[in-house]
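Can you keep this structure in mind? I'll have questions shortly.
First chain written, first letter: the chains are A, B, C and D, and each begins at residue 1.
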Amino acid sequence: MINGEKIVDQPIRWAMIGGGRGSQIGYIHRSAALRDANFELVAGAFDVDPERGKDFGINCHVDPDRCYPDYKTLIEEEAKRPDGVQAVSIATPNFTHFEIAKAALEAGLHVYCEKPLCFTTEEAEELEALVKKTGKVMFISYGYCGHQMIEQARQMIARGDLGKIRIVNMQFAHGAHNVAVEKKSGSTAWRVDPKKAGPAYVLGDVGTHMVYLSEAMMPDMNIKRLMCSKQSFVEGRQLEDNAMTIMEYDNGAVGYIWSSCVNAGSEFGARFRIVGEKASIAWDVEHPNQLAYEVQGKPQSVMQRGAGYLYPEAVADDRIGGGHPEGLFESWSNLYTRFAKAIDKNEKGEEIDFWYPDIHAGVLGVKWVEKCAQSGDQGGAWIDF
Amino acid sequence: MINGEKIVDQPIRWAMIGGGRGSQIGYIHRSAALRDANFELVAGAFDVDPERGKDFGINCHVDPDRCYPDYKTLIEEEAKRPDGVQAVSIATPNFTHFEIAKAALEAGLHVYCEKPLCFTTEEAEELEALVKKTGKVMFISYGYCGHQMIEQARQMIARGDLGKIRIVNMQFAHGAHNVAVEKKSGSTAWRVDPKKAGPAYVLGDVGTHMVYLSEAMMPDMNIKRLMCSKQSFVEGRQLEDNAMTIMEYDNGAVGYIWSSCVNAGSEFGARFRIVGEKASIAWDVEHPNQLAYEVQGKPQSVMQRGAGYLYPEAVADDRIGGGHPEGLFESWSNLYTRFAKAIDKNEKGEEIDFWYPDIHAGVLGVKWVEKCAQSGDQGGAWIDF
Amino acid sequence: MINGEKIVDQPIRWAMIGGGRGSQIGYIHRSAALRDANFELVAGAFDVDPERGKDFGINCHVDPDRCYPDYKTLIEEEAKRPDGVQAVSIATPNFTHFEIAKAALEAGLHVYCEKPLCFTTEEAEELEALVKKTGKVMFISYGYCGHQMIEQARQMIARGDLGKIRIVNMQFAHGAHNVAVEKKSGSTAWRVDPKKAGPAYVLGDVGTHMVYLSEAMMPDMNIKRLMCSKQSFVEGRQLEDNAMTIMEYDNGAVGYIWSSCVNAGSEFGARFRIVGEKASIAWDVEHPNQLAYEVQGKPQSVMQRGAGYLYPEAVADDRIGGGHPEGLFESWSNLYTRFAKAIDKNEKGEEIDFWYPDIHAGVLGVKWVEKCAQSGDQGGAWIDF
Amino acid sequence: MINGEKIVDQPIRWAMIGGGRGSQIGYIHRSAALRDANFELVAGAFDVDPERGKDFGINCHVDPDRCYPDYKTLIEEEAKRPDGVQAVSIATPNFTHFEIAKAALEAGLHVYCEKPLCFTTEEAEELEALVKKTGKVMFISYGYCGHQMIEQARQMIARGDLGKIRIVNMQFAHGAHNVAVEKKSGSTAWRVDPKKAGPAYVLGDVGTHMVYLSEAMMPDMNIKRLMCSKQSFVEGRQLEDNAMTIMEYDNGAVGYIWSSCVNAGSEFGARFRIVGEKASIAWDVEHPNQLAYEVQGKPQSVMQRGAGYLYPEAVADDRIGGGHPEGLFESWSNLYTRFAKAIDKNEKGEEIDFWYPDIHAGVLGVKWVEKCAQSGDQGGAWIDF
């Protein structure tokens, strides 16, 4: 049970790059990190507009002198201070993640980076090598994997409650971009622009969340090959707004992921069903407190977050007891708690004995998008992974 | 509103081939046909065991003399009577459909045939030609398409309530055969035996239901090409027990059908979502009285069978008023009502001005299975349709 | 498993009084009785308009000579025939039930009577005495109690799966009469007219259905006292359109029934939750194939009609297998099957060893309405039952 | 949209009384208050064990010198400091609320007090007078009313989207105490002990939450009279563990609240349906992001938190955008944001132009429990309110 007492010896000195005023994602990073007593927001390069960034930082109680105009200055200046930042979170547009993450790692900082990590497997592997070399902690912001029922799913699968896994059926298919919203919305415009968003839109923006959830729940299964059929339904849109991916895993299982932003009328439509030999589980991002558990030949059942019958790992992050709905903020808070714990162990030279969305998660996402795009461009051909 | 009064001048003289004691499907055929005053069950070749068949027929008030030992005798003897049968329903094992349907058509009978019609496109097209030649009425037993909300869906799509269709997302994925039930159950044994079941199991057994529902709702969309990834998860099973099919349509839409009998813990798992430019609809075979209607940017809504806001075509078959749940039997009854009406018009030389699962539906299903099997056998290659 | 073969030696010669063209309830009576091979519709007094009644009868294949202008003639003429009717169903307006049921019983017929049986406990007890005296079979048309999951509920409670029952929480609260529809609809007009509908509207029209379901599931619990708060929300409406009833049972349990026709936007809103010491069950009339089963401290579960884990009594009436949705027609058909079986046993002098909505159910409903109305008229005072 | 920037000129100096290590409710108070930049936790009397309380405070970064052994010392010492606390939150056992709230108000502090405010209407009115006299801000911790869909409900009702309200149907009926858990759990033991918990258990513990939600949504409706039937189902339990309350309002509407802790197998079972002349809304505490909206004669619809079609008041507190699930913590955070804003306005002498669960909410809850208990003790008699 998490109750807000610090779990690290000293709160970690932390800064944000990006995520200032008007950023939705910035707020959830700050809210998650500062939720409990484990981080202090001591610096930031919050905004491309330095004045607005400073004003914002002041409103968040950051020392005005440590509100920097850009990430380079932040890294440079903080490095000079004895009480300089130990960790940064990166919440800037996608095409800047690579260079900022690289610079931060090189400066000896721990990094919590928004997804996608970068645009090419090559870049991703460069960062992977850098993490290895520097020995720093790196988290990729797959924010759904901190939900307690994902942990429950992972534990159930590991313990064999489903039997051998046969089918992974996933979708993240919302409808918010069923028309050309990019003509009006800047934040959508760069997402559908190949120059700024890389080789794909929905595959990266939403599909990778499900890919990582499958990795989080079934760490031992590896994609062997895949094929992807992708479409751009909205006129004038260059990147795909719909994609259907079929995967084969090395253990004989198969998977399917529907990624879409043109699923008209759907809220997020982000959910999965994992089918094993004897039972299945199902979960919906919009109702994260419930996990369906269906054993063949028995009444279908639904598990509730916080319940006494869950595995200990799944109640460890409980903050308020069963019945009370927790939401996305708690999932992120759980991840930032792990980030704090990982930094603490890392700095003490202890082994990190728990899982989190690490650099490998980042590489996986980038590679999956790359392979899907490649297959889609070839009309849905099978591609080795 | 259907209220049980006959809608044909004279009740149609009708016989069943197969579907006797112990047959689930036989009961629903009889129940649907005899529901209202449009058919009379006057003869039958109900069973491979002639004595049991006769005993069964007597219990259903059939004249013992018209309980025949086999379909050939039935067709032959009835042809001699002035009051001989006008129509037959075929509810025998799959591998016999072709020859019986052929014989019945050749004898000048109207035919209501269980799916699949046959095993090869070649055979299917032979029957198609025969229907054309004889001018008789032929229904293929796609029993879900008689649900009123399918009619509502068809009307909504035709009237443009969804905008241009982009994505057809379907599944029929139950879990009943997640282990080798065929070792104990005879009725499953022949379904997974390539000699008796043809080139496929779940693709034909469940997948084709969804294929035809899509045809029923979107008669103007045609599959251009498809690919299928299929698996046999249960050890020793020769035919596929799981299949994922991606389709491209001639209007630019795409489709996906998940066919499975190893979806452990799932009841039928038979449902679809049709996504248009501006709205989507969703429906579940197990909850046929509801149709979700989700318009992008508006609260999601659910339509109820029998409601005043439905299109007239969708309330025409109402039997009991909204709120009261109708089930599978009503869907079949609606189809048999159309069968009666079609025969009535056919015999009067009038044009049949309504849709039903006709010979084309039969051909479509057979061809779809054939193409899917072909693609699956080639490791999921794309196949022109 | 019911498969349509007759279960009586000879089909029962049966007539309908009321329920002709345009009657919703008439159709479901006929459809249920004639579903299988146990009844023959041989006569009728279908309509207050004799010509329309005869025309209707002919369309249902009734001999024109046995289509009578009124119930008295029917009873009189049929009594003269050696092959006269053995049983009648009464589907006329409520205020005629008493006299017709009485006449039919006195004529030695078995009776299937629409609810409410009559308007006063006195009349109900007169009929009860008459049933006892004549020894005939009498069913009251509580059409929901034939659902298989009601049988499952009854069996679970009897076997102690819930522990001792503590709370019965029920509602039948639709919204169809939230405005003065009686000004336009004749069939609603008589229901809200105290002269024709008796002392209550929604209490009798919908509330009694729930009262009888509780009796069907918990035959050993008896109401000790009750209080009712009732309202007429729609201007000009004389009888109540909303009522809240609290009940105390002789075993210490308590109950609540919300009866309403002004629950705007609700479909039927007919459902219940039975709470025992250790578990609860919940059911919804509109989704009759599912029964929620919730054991304290365990994941909540849902049972499915037709499943192998149900009690044998609950699968005995299965017609099509689990997964396939059955609806209201099957519930009624199950009851008419029991009506046939009861008549068959009655005529053979055998004991009827199964439950059904008998004359006691009729008396209970009438008495409950009477007591509720009385309490409501006294401003919600407690009334001994 | 809330994004974490402070909305007050200076963060409010804030302390907690109670709510230390092991307290579930303490964590949510702190998490909600400290979520954004509007409060600073500068002092506390967290625990009856002073050492544990100090250790806890230190872990929450409170100056050890300001971790006090009890609330009296806290109030006394902080009053001496120029930077002493401005506001306190009280999260101690119920029977101490009255004296602590009184002392805090008398010391000139703003107060955020757990419910119930106290045990008698007399005490409640004494506090009400004190709030009036001191002019300080007082919040009662009805933590569900901060959910955005409650605001949406309030706005819909105020704007007439439902028509005149007729029926308020509520329940908070969980199953966690279906057996004598008080024998093992201290935190339950005092709740069912009349000496420590006052005249009632579930009425106060859960029922009042629904009473206040109805007040929050329909501020113009007042209870005129009520009756309550209450039970103690668990052997040896002195206070009621189940209660059914019927209410009549001054505008002609009626209400029903089911309060229970013996609803075996239910999670919280906290939900309501508000029925108006033309439409109803329904909401469930466990799925706070959805609000059902059902207009008679139209398809039933569900509104989603954060959606563009909501009223502006309902999206003002959005933190993360629609689709993303918010939970209980956000509801509380919204209320603490209002607490900060109210204090800020109060100290500047400005009018507070928004609603919140104020001292009147506290009085209402206490009075409602008192009247219900009184009615229940009289066997369910009607009591004027």
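To be clear about the criterion, contacts are C-beta pairs under 8 Å (C-beta built on N, C-alpha and C of every residue); 3 or more make two chains touch, one makes a residue touch a chain.
These are the chains along with the protein names UniProt gives them: A, B, C, D = Oxidoreductase.
Computed from a prediction, not measured in an experiment: that's the story for all the values here.
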Measuring centre to centre with C-alpha atoms, which chain is farthest from chain D?
-> B
Looking only at C-beta pairs in contact, point me to the busier pair out of B-D and A-D.
-> A-D
Per the C-alpha centroid definition, the whole-Å distance linking chain A and chain D comes out as 34
Between chain C and chain D, what is the gap in Å from one C-alpha centre to the other?
-> 44
Centroid distance [mean C-alpha coordinates] between chain D and chain B, Å | 56
Return the residues of chain B touching two or more other chains; collapse runs of consecutive numbers into ranges.
-> 267, 293, 298, 300, 304
Touching chain B in the complex: which residues of chain D?
-> 293, 297-304, 307-309
Which chain D residues qualify as touching chain A in the complex?
-> 2-6, 11, 21-24, 26-28, 30-31, 34-37, 56, 59-61, 174, 267-268, 285-289, 304, 319-330
Where on chain C is chain D touching in the complex?
-> 162-163, 166-167, 169, 175-176, 178-179, 227, 229, 231, 233, 242, 244, 246, 248, 252, 254, 256, 258, 260, 262-267, 273, 275-280, 293-296, 298, 300, 379-380, 382
